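This is the structure I want to talk about, given as structure tokens.
Letters A, B, C and D name the chains as they come in the text, with residue numbers starting at 1 for each one.
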Amino acid sequence: MPVFDELLLIVMLTSLLLGALLSYVLHKKPRLSIFVGFTFANLACLAGLVLGPAILLSKHSLDVILPWSVFGTSLQFSLNPLAAFFITVISVLSLSVSVFSYGYASAYIGKQNVGVLGLFYNLFIFSMLALISSSNTFMFLFFWEVMSLVSYFLVVFEHQDYEVRRAGFIYIVMTHIGTAFIAIAFFLLYKETGSYDFAQYSSIAHNLSPTLKSVIFILVTLGFGTKAGIVPLHIWLPKAHPAAPSNVSALMSGVMLKTAIYGFIRIAMDVLGVGSVWWGVLILIIGAVSAVLGVMYALMEHDIKRLLAYHSVENIGIILLGIGAALVFKSYGYNNLALIGLTAGLFHVLNHAVFKGLLFLGAGAVHYATHTRNIEEMGGLLKRMPWTGFFFLIGSLAISGIPPFNGFASEWLTFQALLALGSAKLGATMNIIGPALGAALALTGALAAACFVKAFGIMFLAIPRSVNAEKAKEVPRTMLVGMGLLALLCLIFGVMPFIVINLLSPVTYSLIGIETIPLLGGYSWLNVPPIVGQGVAVIKPNSISPPMVLAALVLSVLLISLFIKKFAKFSMVRIDETWNCGTDLTSEMEYSATSFSNPIRIMFRAIFQPTRETKKEFVLKPYFTSRIKSQGAIKPFFEDHLYRPLLKFFLKFADKVTALQSGSIHLYLGYIFATLVALLIFAR
Amino acid sequence: MPLILLALPLAMALLCLMVTDRRLLGAISIVGLATIVLTTVLIARQVFTGSNVVWGQFIFIDALSSLILCLVGIIGFMVALYSIGYLDHDIQEGQLSERRLKYFYFSLYIFVFTMFLVLVSANLGIMWVAVEGTTLATALLVGFYNKRNSLEAAWKYIIICTVGIIFALFGTILLHYAAVSVTGESGSLDWQTLRRVARQLDPKLLKLAFIFVLVGYGTKAGLAPMHTWLPDAHSQAPSPISAMLSGVLLNCAFYGIIRFHLIITEALGPQFSSNLILFFGVLSIAVALPFILVQHDIKRLLAYSSVEHMGIIAAAVGLGSKLALYGAFLHMINHALTKSSLFFIVGNVCQHYRTKRIIRIKGLVKTMPITGPALVIGGLAIAGSPPFSIFMSEFIIISSGFAQGRNVVSSLILILITLIFTGVIYATSNMALGTPPSRVKVGEQGNFAVAFVLIPLLPVAILGVYIPAFIQTILQQVTAVFIGGNQ
Amino acid sequence: MLREAAISAYQIVLILLLAPLLTGIIKKMKALFQTRKGPNIFQPYFDLYKYLQKESVVSEHTSWIFRVTPLIYLSSMLVVAAIVPVVVTDSLLAFTGDLILVVYLFALARFFLALAGVDAGSAFGGMGSSREMAVSAIAEPAFMLPLFTMAVAAGTSNLTGIVQSVVNGGEGVLTVAHLMSFVALFVVAVAETGRIPVDNPDTHLELTMIHEGMLLEYSGRNLALLSFSVSIKQFLIFTLLVNIFFPWGIALASAGIGALMTGTLVFILKLIVIAMVMAVVETSFAKARLFKVPDLLLASLLIGLLGLVSKFVFRG
Amino acid sequence: MGMQNYQGFVNFLITLLLVTTFLIILARRLNSVIMAVIIQGLLLVALSATLGWTTGIHEMYIAAVLTLVVKVLIIPVVLIKAVNIVAIKREVESFLNMKMTLLFAVCLVFISYLATGQVIGKGSGLLHGALPVAVSLMLIGLFLMINLRFPIMQIVGLFVMENGIFLAGIGTTIGMPLVIELGIFMDIMVGVLIMGVLVFRINQSFDIIDRKNLRNLRG
């Protein structure tokens, strides 16, 4: 069996490399290039899809050492349960996205070099998989950087556009700075152990001084947080995701951000062992802030891909809420409660990959059909693209955490973890933080729902708002299959979460020594162990049964339909115009996305600081206005108050310093002179 | 053998003076440098497989010198090949007259000769003469275009470097003075002898000597704040010469510092000179940063990047552990290859776009389908991102810093490198991407030019993922030079 | 087993039957307070019947979303009805669901209703949806926080568990925290049921309406379904309010017919009290401006938070 | 041998070197600067000849002859030619005024004594006077280059520095090995020639304002 697993790993990695190579070589024949490139990607994902669960089910890690070494560190791939889980996540999403890409990439033929797309696309998946499987920090950093680079090239794929280039630049700068933090953390670990091997680290946790541990923790939080897009390090994210081709955005948002979560869990929970309580609290707060602000900024966006990108910030926040709770419990030694948080976080990792991937693919499909990303120019698409619309609706429901889809399952677990914080014996502060953050999560969920009512409603319902939207047609079948697969998974993971809980069992066992199954319930149940907290004997354990809920829903729908059939007088409905105060309804009269989000913009004006500009054009006198042009914007808080001043400071400083090289040879000689004199005085 | 090494470039230089024909000159230069590469490789082979090469009183080649010898040979060879296409283009454009071509090759060979002399001489005095010789040989090359800016650059170059080198001479004299009573007249500047007797020398004098040498050779090696000539000279020289200056000349000058450093370390222990070198190394990286961030001229940017990389090498030598030294010399190789290829690339680009200003160069991936991507790759490589070799050496250097417990310095270096990365990427991506200006036509600068853009990048890419055994052996032997003092 | 199923079915039927009546009672009381005669308290039943008899007109611009919304809305209310304990601590689906599920089932219903509001393309529907989603966004945390406080005290988020824990007089019952949470939840209940001062259930005026805007395009049986669902929702929220904070008198799961009957009686009494309070509130306040609503909800959220804090810090 | 007897004379010569350096600083006309340079060269010739006489090392005579040829003949000739071709105004222009210049120069001498004080032990004989003066010459030479405007004056500064080195060389160890000495002389000669060429070319392509500053390349 291990031999088989090894083979799978090698097949997975090599077929991606082959795909990259071949699709570039064939770039003169774009159709063939697309076919070959994405077929190899699919092959690799299928291999990964077998490999990940196989390792998880066998409960043994896999080690593959290749005969290759650089300065003492061997090229070793090592898949522990955590890695295997992430491999599964990546494979699941990449498979669907690669299927989708057959159709999607063909839109680029004649416009861009699709060979290059295939090259980087395959390399991108390769680098993520290799990164997850790395067994030492050198390889990790190596593939981490390769991943950043390749994704950078994908972001600037349509580089003729200035905005795209700018987005790409901000992206690579931010991610590179993040990498520096990670690297420092790794080097500190290396200094303590003299080894790059992750395997060596897990045993040293108790030898590290608490200060050093905390330093490393802060460093990885910053480093991985940048990649994951936590507030306020998220600014690259809403710029880079829209710039990339949609299939790439799906991967970036769906799984690339998760590699950061993987790295974080790996270091913070696996390597550093038990930490201080404030670690967990910090992560909880970061999570809550990211979740709430992420969704709020998303609400203000009308570019569908930017909107989705902000939702990535939100969902990373939700994931971190679960993980933060787990960290808190772990530091108190309540591992059975840490289990809930960890499971919630990891489950949401998978769920977010699935539904966000689906939504990005949906956005890609809509863009494919309407050539715009501005939702104000869409509308009425549900009739023109019924399947895309249907899948997008499922994605919207899932991301809003609405049962019976998968988002609900993991958010429910997150809620439970936060409530457990409230009722376990952790002291008043924790007990208050838990439910309060629960309320924040509730706010997030409700805002997300508002946002997707807006997105789906404006994009797919009512009357088309532009000629492009009117002419839209359903996308090719491969794209539908890719989306359909993910939509199906949204439902399956939502109704049968035990599949995932089951797979997570070895992961949690390896991280906190407890398996999920006995505690988180058996089949068809999602249980949470009763918490004997405030001295209350718990009468009912927390549990939901998603299949039962779905059954109840379906049953009630059937009953109601029967009832209606029986009692309603008219069986037919009459189709007529929408009532519009007696005038004909045109698309200009519809509620726009801007007006839809207006109440929220006003309610949270302290955060958004909306600005508004109104221009009047008039005939003769201001009373006879011929045209009013109104323009609104919100202030990008973090850019205005953090990044722009920082950048300004840097550039100003650099400008000042460059005056040192003023061109005067006298000055230059003066430097030498001063250096020499200084050395003569001080250095002896 | 070492005699051939020295005689060959001299002979070629004289030969070049007698020829005017463009093709013939090219052919001569290729053949000449090919022979020279062969010689250096043979010498290196001898050194690395067994014994150091000694000839008479004045020539001594050990692992360290032969490593740099090879670099000089290889980069020189590539420069000779690249120059053919580059100069042809210049002549066609009317930038140069064919008549002056022979002076170019003449100076090139003298340049190679002086660098060889630096590396093979066993005597610090002769080494000094040779280092000054490199300045003289290249001063006219820097001003080769005879334009205002290039003359200004040449002037600054020769003045600043000469001033610096005078200090180095003074340091040498002080050392000589310290040693003469111990070793007698004959061995007083022989670095091997000096290293052997180092502990008997007057420490105060040695310190003073080292300060002067550090400032002196440091000027030539481009360590901040004595680096000021460097961006001018590198940006104004013809691109092949820039490649040579950046890729190997700086290393040769730094080689001078290392020789003194070894002696001082032997006498005073590792603290004094190591810390000074480390300080100047880090300072150089820091000084390069703002200039790279707001740079307008791509060749100047590359020059500042050379300052940065010399800083990294210096910092690594200053750190001084075995791993750090391994990294330092790996970095030296990597930097030489990457930087020279970048100068070739930029040479093509600047000729094609007829400007060096970053802002006016756009859409390279469209207009130059090979050079454009190569620029991106080169930029990434020089900025230290995997899978290219500089990532590897920087990783080694910084991790060795941490391993020594010098967390703050190592973190500082890491952060500076990170910030420099942003500057380099900003420039290269702006040049490579975007829509090209309409006046620029699509096409490469000819096969020759393209080939030598790619050839140095190949080892850069390979070394990033795989260090062959022979290079590891070489590096280990070079590192060993630092450890065995009393052999 | 069968007995439990029967009891639960009884609860559901009770909800279905009493829900329109509650609406009627509140209307009647309001009228009395305003010294009007007011409609018959059974008027909502007549309305529903009338709607069922009418033809359903659907806009040509709408999609299938518009048509499935009433079904989904009503069925999610039914599922909630099966989860919430009414006259007995236990309920049909108590084992599968908890308060989080309840809240998110409401969200499911709201999601579709808001979509349906947009679907016809008329500005009224869009406005209704927009306002509904905005208000509910703030209402949601305010709604959940008091419930969480109670859940944390009980150590479970299961509704039956919470109710039983309060009945058994667990820690924190009838303390400051308990009362504050009740007040907070009461305020939210006003918002969630679309009453003054948050919304006006009796009008279709553009300036004031939130909820009614979304229903504007509905007619006939679809309207019947939705009106019915809305009254069920209101009933359920009041039930939650009553049963979580003042569950005394509720029948225990193992109770006999007698206890069941007293439970029912006590429950109805409590509902009437709540209805009365609601009517008093509605008559003594004016409809607030839309953008004052967040302040109200924020106040409720703060009260809820104070409840939570006082629970742990002051142990009260 | 007879070292002690000549110590006084040697010290006198060394002091004169310092004095000529101050002459160079104080001179306001290009021609007088070059005259001072020639005098300094002559002093060095005298110094090395004296040392050759006292120590009996014949190499010192060779050094003396070379110095005579390079520093008294070739370089001044190049300088004078360059001045004739290039300079329109014959005045020396400096950044600092006379008083400040002098103050600086004195400070530099002071620093030199300070810096070398520690390394010179008792009974170092000749060195006692030579090393501080050598360092002074170097620092002042560099200071001249920084302070004076015309490119030609930088060659002069360089020349003063060279003289300092030469002094250090013969003063400390009675000369370096001959090969090296020859090499150094050749370097200096070629260096000055190249500089002369450059000055000539710069003169051709720059106008007077630019020539003074040469500040096109910056940043």
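We adopt the following convention: a contact is a pair of C-beta atoms (placed from the backbone, for glycine too) under 8 Å apart; a residue touches a chain by one contact, two chains touch by 3 or more.
For clarity, every value in this text was computed on a predicted model and none was experimentally measured.
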Per-chain CA centroid nearest to the all-protein CA mean: A
Cα-centroid distance, chain C relative to chain D, in whole angstrom: 99
Averaged-CA centre spacing for the pair chain C and chain B, given as whole angstrom: 78
Centroid spacing, where centroids are CA-atom means, of chain A and chain B in whole angstrom: 45
Where chain A and chain D are represented by their mean Cα positions, the distance between them in whole Å: 70
Touching two or more other chains - residue numbers and ranges from chain C: none
Sequence positions of chain A contacting 2 or more other chains: 658, 661, 665, 667, 669, 672, 676, 680, 684
Overlap residues in chain D, where contacts from two or more other chains coincide: 115, 118, 142, 145, 154, 214, 216-217, 219
All chain pairs that touch each other: A-B, A-C, A-D, B-D
Contacting residues of chain A [partner chain B, same complex]: 68, 70-71, 138, 141-143, 145-146, 148-149, 156, 159-160, 162, 165, 168-169, 172-173, 176-177, 179-180, 183-184, 187-188, 190-191, 194, 650-651, 653-655, 657-658, 660-661, 665, 667-669, 671-672, 674-676, 679-680, 683-684
Partner chain A, residues of chain D touching it in the complex: 95, 111, 115, 118, 139, 142-143, 145-147, 149, 154, 213-219
For the chain A and chain D complex, residues of the former touching the latter: 658, 661-667, 669-670, 672-673, 676-677, 680-681, 684
Touching residues on chain B, where the partner in the complex is chain D: 58, 123, 125-126, 128-129, 132-133, 135-136, 139-140, 143, 146-149, 151-156, 158-159, 162-163, 166-167, 169-170, 173-174, 176-177, 180, 185-186, 188-189, 202, 204-205, 208, 231-232, 235-236, 291, 294-297, 300
In the complex, chain B residues that touch chain A: 155-156, 159-160, 163-164, 167, 204, 207-208, 211-212, 214-215, 219, 225-226, 228-229, 231, 276, 287, 289-291, 293-294, 326, 365, 380, 385-387, 391-392, 395-396, 398-399, 401-403, 405, 407, 410-411, 414-415, 418-419, 421-422, 425-426, 429-430, 433-435, 465-467
